[in-house]
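To start, the structure itself, in structure tokens.
A, B, C, D, E and F are the chain letters, set down in written order, and residue numbers restart from 1 in every chain.
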């Protein structure tokens, strides 16, 4: 339905953010995700601003944040998100071993989440 | 439907695993999750064995694994899982600040996952 | 927001369906699910008609259908659905052992579904 | 596993519904969704009847209903559903601007849903 | 784990946003959602700013946006979100009839989404 | 990111499990799922062991277990899982009619799950 907005078509605010993305990520081409969001410049700007804030170094390392991001994307089954953020995780220092372990935890959490629902486990006092 | 199996009712394999859980976790009472799984001793044993293996220290720190676990549980909306593993994360060293940031990443990932679906974003060559 | 429509308030089409539900299920009180749907008589009628058709004996046994129903509800984390259809499964002949095994399969399927997403496994030729 | 039933293969009830779909939607070819459901004529008939009833003009405009439909499909990550109902929305009058805003709301709702789970927010009295 | 930050405890940025929320929503008490987010002032500010932008009148009416929001929350099974945004929808003019129809569409979309997955329906040329 | 480990590359534990899979399933080539898991030999071994235990004949027939497995995979939208386990179900004796009915139940359960959430239906006493 929506076509990605190419760098040539980008104007004003969109063009600015495209430039900022390329500089910040040290890439030569704007990824399809951002080109698609450009269909709604407000969403493009809001998402880029939020993502920068949320994924920056804080109490958690950026690589840990990327791993959490991929774990959520695996749970939601979003192919683009899994692939792009797995690469981002690697660029920030994640090893294959770390990704392997993250996948194992994600699989296991999804299993035990359903065991909890299946048995309708009541919350213990100590967890309240 | 299923009632948790109390420590008094536990026999054989179930009793053994209950003891192991208390020792490993340094707690004095078996949590409801494990008491519920005891309705199916095979599931109890398999889950305990798997969880120990998956959550142990490896390339990722146990605290990072717990944060990933909670992020998945938030995405699935499993209250028991969120509460019990948030506590586990804290016991292993997670600070409130770390939990706050993990929640922010989890929320953001869930938003952008849907932006990707909404715009049906195609995977860029560099991510393949 | 919506209050269940009590049997006393029910009129016309709604009253008729309430009676039919009690007779078909051999119960003396209409469950909250149907009382809630009665806020939209069209949804009440359509859902009751569909459910009767879908859950009736066919190539699959009604008890197998109830087990599938609960497995889906566990995956979606719908408490009411898990509880009411676990009871329905039992009434139709499901044993605790069968329910235990269904929960184990449901947990396992949720884990492996995410391993597939995590590793982005490509469909083998033989499965196409 | 299942192959779509072509219009040539269609017989009896299935053939009738295929004709009705083409007339109602003013299209010259039956979409794959309906051809696939034809593997189970009961499901085909029930779904067509339900969809007509649910999506018709009522208190809500058909275009609003299509937007809600797409929002749910985005949340579930169903490509076919997103694409076919985005087109349906457009045919019924949705503009690109409306679709852009619907996607933004859908993304946002998915984020805040997880913030609520992450912080385990208790329901305020006024919302009960 | 996290306790809501009361209005008395609120300081600086948090206090300001709390005041703004009460004024904008014409309420006398800050809802638990915002009190909980206040555990992470950055998340509080970012979410409040985003929500105002996304939910404001645009090509879509605010009441339609609230209905979409609730539809997503129903799909995710988030009780707080369903309850608080159903009330918001009503305040902005949604009738019970409109809510009833939105729920019907949401249920139906979730059913057909799974029929599409079950039959692995291929995207028709006209939807590409 | 991860490439499947081919049978030629497989060594030690991985090679052993690959052989066991081919013998148990009476197939001449290891499916991509297992080749992908081989990136993490611990996950490969644990998953194979668990799957054998969970899917074996018990109170439930293996074909019923496969149907439950597919129902969950449809709900999660996992293409590989739907396709591979639909074939497994057929090999174990599932007919097209049985698969058709399983899909109908899965769709219906997903609809009613959301009707329950939409109306926020309270659990009846008899289901507790």
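Please note the rule applied: a contact is a pair of C-beta atoms (placed from the backbone, for glycine too) under 8 Å apart; a residue touches a chain by one contact, two chains touch by 3 or more.
Bear in mind the structure is a predicted one, so any value in this text is a computation, not a measurement.
Among the remaining chains, those touching subunit B and also subunit F are A, C, D, E. When the C-beta pairs in contact are tallied for D-E and for C-E, the bigger tally goes to D-E.
Greatest Cα centroid separation from subunit E: this falls to F. Each chain gets a centre from the mean of its Cα atoms; for subunit A and subunit F, those two points are 27 Å apart. Distance between subunit A and subunit E, defined via averaged C-alpha coordinates, is recorded as 21 Å. Along subunit C, residues 1-2, 39, 42-43, 50, 54, 75-79, 83, 87, 100-104, 106-108, 110-113, 115, 117, 119-120 each make contact with two or more other chains. Those residues of subunit F that touch subunit C in the shared complex are 1-2, 4, 27, 29, 31-33, 36-37, 39, 43, 47, 50-51, 54-55, 58-60, 64-65, 67-69, 71-73, 75-76, 78-81, 83-85, 87, 95, 97-98, 100-102, 104-106, 108-113, 115-117, 119-124, 126-128.
Taken together, the subunit B residues at the contact with subunit D in this complex read 74-75, 77, 79, 82-83, 102-103, 106-108, 110-115, 117-120.
Interface of subunit B with subunit E (complex): residues 77, 83, 86-87, 90, 96, 99-101, 103-104, 107. Subunit F meets subunit B in the complex at residues 42, 46, 50, 53-54. The touching residues of subunit D, counted against subunit F in their complex, run 1-2, 39-40, 42-43, 76-78.
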